[in-house]
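I have a structure here, written as structure tokens, and I will follow up with some questions on it.
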Amino acid sequence: MSESPPLSVEGITVRFAGIVALDNVSFEVEPGSIHAVIGPNGAGKSTCFNVLTGVYRASAGTVRLGDVRLTGLRPHQITRLGLGRTFQNIALSPRQSVLENLMLARHLLTRAGFVSTGLRLPNATREARRHRARVCEIAEFVGIAPLLDVPAGLLSYGDQKRVELSRALCLEPKVLLLDEPVAGLNAEESRTMAQEILDVRAGLGISVLIVEHNMGLVMGIADRITVLDFGRCISHGSPAEVQRDPAVIRAYLGTGRGEDAAAAAQLGAPHGEAAQ
Amino acid sequence: MSELLRRHASRAVIIALVVVLAALPLYVGAFWLQLGLFVFAAAIGAIGLNLVTGTAGQLSLAHAFFLAIGAYGYAYLSGTATSIGGGVVVDGRELPPLLAAALAVALAGLAGLLFSPIAGRLRGIYLGVASLSLVFIGQHVLLNAKDITGGFYGRNAAPFQLFGFTFTDEDPDLTVLGVRFGQRERLWYLGLVLLILCYLFATNVLRGRPGRALQTIRDSEIAAATMGVNVRAYKAWAFVLSSMYAGLAGVLVALAFQRPVPDYFNLTLSITYLAMIVIGGLGSVRGAVIGAAFVTALPLVLTHYSDHLTFLAQPGESGVGAADFAKYVYGGLVIVVILVAPGGLAGLFGARGRQTGVTTDQPDPTGPSSSVMVKEDPL
Amino acid sequence: MRTRNPYQAGTRRTLRAALACATVVALVAACSTKSNGGGSDKSNGGIKTGPGVTDSTITLGVLTDLSGVFAVLGKTVTQGAQLYFDKLNKDGGICGRQIKLLVKDDGYDVQKAVGLYPDMESSVLGMEQLLGSPINAALKQNIETDKMFTIPVSWASTILDNPNNMIVGTTYDLELINGISWMVDKGMIKRGDAVGHIYLEGEYGEDGYLGSKFAAKELGLKLVGQKITATATDVSTQIAALKNQGVKAILLTTTPTQTASAAAVDAATGLNVPLLGNNPVFVPQLLGTAAGPALEKLLYVAASFEPYSGDSAGATAARSAFESKYPTAVPNGGSTWGWGGAEAYATVLKKACDNKDLTRDGLQKAFRQTTSVDTDGILPSLDYSNPGDPPTREALVSKADKSAKGGLDVVQPLKASDLAKKYVAPEHGKGG
Amino acid sequence: MTYFGVLVINGVSLGFIYGLIALGFVVIYKATEVVNFAQGSMLLLGAYIVARTHGDLGFAGAVLLGVAAGAAGALVIEFVLVRRPRHADPIALAILTIGVDIVLSTELTRRIGQDVLSFGDPWGNDTVDLGPFTVPQARMGAMAVSVGLVVLFFAAFKYTSWGVATRATAEDSEAAALMGIRRGRVSMVAWIVAGALATVAGVFLGTAPSPGLNNSSNLTALNAFPAAVVGGLDSTGGAVAGGVLIGVVQSLMDGYNDNLSFLGSPLGDVSAYAVMLVVLLWRPSGLFGTREVVRV
């Protein structure tokens, strides 16, 4: 099991039509760690993810994986370098089976083109068989193996979230980016998901970067936390350090939103509640 | 296990169909053979359009243009220099027909590739409208590049030849089981074999790695890119493959017509192809074939039987004739399919699952989407 | 079964299926019933007969447009032909046989025409009507292979190179050459003048342009060409360009709508030069539009057959037959020409009957022996003995006139100008 | 120079008619994200009604009825067809409008046949002299009415609640829905406006210097596609500008075709599409269109 390289974000700034969505944000995901990015609604968390994966282009700043510069590359190139992500609003192909959705993630690891696939050349067939076996293994690992033949659109929301996680794993990433993995899940499902994230880290030894609203989950599983507010980085540190930071509590309470206020209340909650 | 049964049943149906199609020239007359040849050509073209529009979700109204490249490419490459009237002399390359056909298909693919920088940059409906321009530019070229196309009067397409066997009425004379095999019988088999090969190729592509990538591009370009698909390249390849299918269909059309004329390759043809894949079922290879057969055969069969169809105006009477009626039916079907049966005719015949198309009437299973403004196209 | 591999469905099964297919095809084929020889010749009572000919009938094909852009033309031409054959049948038909028309509508759609042709091929002796140049072009090979004796509804000189085609009348180029000569005779234009020509993309316009180019060269006119597409409805830009060149007359090989637009703009911009169109440039409905007065003032039409209002015996017979059968229809010259064309076809059939050879080869032979088709004045005498040459070089000129039935009134009867006699058709000598 | 001026005036006057049709595309696109391929048959429908009724109702009455019919026809399309599959993909809906166009144009061209239908309009073939230029009154009318309609339209778009709602919907349809904007009403009004604009354009296409409406008048609406796209599919001002641009380009290419004979001829129709391709290569969302909205 190879050690994943550190993912470092340095001075990222993103502007849309005059609005500054991210302002000079920096943090580093240490190898093998679970790193969370939190912040009130509109703080720029998803924008941050989209910059890391190349969906948006940063106006300034750099992202590096190990020694490799990611900024300026197109999304599929970044994926090739070892970043795998899930989407906050599930982006599975609803009419394809779960197996097909997972096989898509093997795209970069396979080579069969139009001609060899269309003619069913032996190497294409062999390759497909080999990768199907690995995909089934990963599905087994996440516990969605019984769902492989079902069209993704017919699954429950919770199952779709797990398929998303599996799909990101099928990329064999060095760093896994999870965009609100438990949003919309009930307590039971959230606990399962938290366990799966911990299992992934333990089993595969890869770093995990999470954007999440659920403080319980974050405080329970994250090693390090970065807090964003209005596109700025307002706090860094271990869960305990962040929880004590008055700037963080102010940011959450200041928004006046119900869910943010609830998060603020949770900031004071005992560690690991969600992960129990 | 019912899944397995269904698969066997549908395989049996397809085999039975192929058997019937292979035996038909022994029974039916010239009209049906000619019709069959048109259907085979249209089916190949429709499978191609379906790859780019049905599977990858890129609306293309340029199909007539790529068909024209196939048809005229073949006529030019296999043709000899001849005077065609009106003082016009068309040029020709006198290549062996098989080579000419292969090169014509490649040429259509190349045209698709040249269009791909535009296809890659544009999204959704902009692409559809941009592709419209190829049809108009194509018509302009067909009518003006007279020494290659023959202008409005068209030019002859050389008969097809395969290793010395010609697809004409004689040379060699051929009688199979008491039936004389003339040009139409021979071309029938050529069309049938090509269609089967094209069908299998497309099915394999869709089930495999490139097919998954294309379908994901249709559902979400960002998801596809994030999963490692080079979206721009794949959109371009989809156009190339689609236009090669169109090119092959064009070659068959040239052989069926014996003399392609520019009038045929107009916007109506593009729209007819679109109707085929919608009626058949977007995204489904089988649907493309069913839709092509339906849309191609309907007006001809209605006219063929118009004497017996008393609700149609007979030739010379006022009222709705066979041709108009066929247009109402297929225009209406396009509407109905999109409104109530997104799977198209193929959906009604039992294909399902991954094969259904871009439309969906059910609530979007991906949940609400958020939109953001992007300063620069990231893909 | 979850991870069942559809890819292993494999070659073996496909092979087995193919084998099964082959067996079944062979078995099924053994009881094939397809008859050969729908198109073979027979001999009957001393007369050799071909496809479409029985003891009592001769069936001729009509593949025309009854639902597309040329539906009105296709319909009236077919009606005119049917009326003529009705009359002929009442008089006993040809060779004791009644003439039957098998009519199919292709909607001016090339693929449909190519698809419907085989439907008729084996059951007709020849094609009494094949409408539309693209369709004639697309079916050219078939017509030649099947030796299908055909009247094309198109007057492009390009069609002369098909030895199976019987052009009824003269070609577009000659119509214009005659018309331009007439204009010069009448003093409307003179040597050194600029003359404009708005012509359609496609055979009609471009063939007309061949004629105007020849006439301009011979007569020392400066020709200014403006090509347009069939869908353009507004020709003001083209007229502006011609006005800019100071033209003294404008030639039109355009759609009727464009003709009306040209007349309207010609008059409205104060240019007021005469317009000369040929053959299908005009429909009587135009006179009811706002362009009507301008058309009546400015438009002349050259054609090689009499308009609906023609006063020859033939045109009168055609008109009275049409009026009694279709009292409410809007008449146009199509029915007159359809009548004349049917008469020309019948002339060839009669000759073939005299030769006791009602086969396609027989028809072909009779065709080349036909040196003077007499249509009672609808058309000039037609001579088909020189393949590649138009059967006549004569044309008449008529003027748009609201008071005339069919909207046109003859101002110059049929006549071949010296220039027209001199003109060498581009296909000359090739049709053999 | 006079010649150049004549060409430009011809182009501009035709371009305003394209602009009216293109404006219809844009309004529908902004409100519903649907590109309406049936705009040509809506044009034919409204104009056909005008042509058939002006004898009884007089020109003004017939135009009113025709506009009402065009609007009603558009509304029927909107109501029965486009509104139902609310979640369907805009491309599928665009294809759906192609289906509508096939049916509607087949029926209308069948009815029109070979007739050239006039409108009994008050302008006839009369002309106006503008210095060295002679322009048909009908085209002056077309320009005046187009400008009037465009101004009226922009005012409505800017100040009425419908305009605000449409702009909000185009900006972010979900947010607009949350704010209580009824998408159904926005879309209905858009289709009505488009149907009415198409009818007016259809009437002007059939008045001098054209002799009347014929069975291919709907094909002219195809020229409005490049117009709308060049301007940007979601830009109302762009539609009019695009229309004028395309009209002028066509007119100039036709007028100077002799100097451009190496490009073949005629150049009018094809140049509109060539211009569109060039513009799209340079700006994928047209000259005045906003960049595509990406959904994650």
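In this document, chain identifiers A, B, C and D correspond to the written order of the chains, with residue numbering beginning at 1 in each.
Simple rule for what comes next: a contact is a pair of C-beta atoms (placed from the backbone, for glycine too) under 8 Å apart; a residue touches a chain by one contact, two chains touch by 3 or more.
Bear in mind that the values here come from a model prediction, so they are computed numbers and not experimental data.
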Going by average Cα coordinates, which chain is farthest removed from chain C? A
Name the most central chain, where centre means the mean of Cα atoms. B
Quick check: how many Å separate the C-alpha centres of chain A and chain B? 42
Any idea how many Å lie between the Cα centroids of chain B and chain D? 31
Distance between chain centroids, defined by C-alpha means - chain C, chain D (Å): 36
Please compute the C-alpha centroid of chain A, do the same for chain C, then give the distance between them in whole Å. 71
Using the touch rule from the top of the page, what residues of chain B touch 2 or more other chains? 143, 207, 220, 222, 324, 360, 364, 368-370, 372-375, 378
Where does chain D touch two or more other chains at once, residue-wise? 110, 265, 269, 296
If a residue has to touch 2 or more other chains to count, which residues of chain A qualify? 55, 87, 89, 91, 120, 128
Given the complex with chain A, which residues does chain B contribute to the contact? 201-202, 204-205, 207-213, 215-216, 219-220, 222-231, 237, 241, 353-354, 356, 360, 364-370, 372-376, 378-379
Provide the residue numbers of chain B that touch chain D in the complex, in ascending order. 57, 59, 117-118, 121-126, 128-130, 132-133, 136-137, 139-141, 143-145, 220-222, 267, 271, 274-275, 278, 282, 320, 324, 327-328, 330-335, 338-339, 342, 357-364, 368-375, 377-378
Show me the residue ranges of chain A that touch chain B in the complex, using the header's touch definition. 15-17, 53-57, 74-76, 79-80, 85, 87, 89-97, 100, 103-108, 110, 112-114, 117-120, 124, 128, 151-154, 157, 160, 167, 171
Mind pulling up the chain B residues that touch chain C in the complex? 1, 4, 11, 15, 18-19, 22-23, 25-31, 33-35, 38, 83-87, 143, 151-154, 156, 169, 176-180, 184, 207, 253, 256-264, 299-300, 303-304, 306, 315-316, 321-324
Interfacial residue positions of chain C with respect to chain D in the complex: 67, 69, 71-73, 201, 226-238, 240-241, 243-244, 256-257, 260-261, 263-265, 267-270, 283, 285-286, 288-291, 293-294
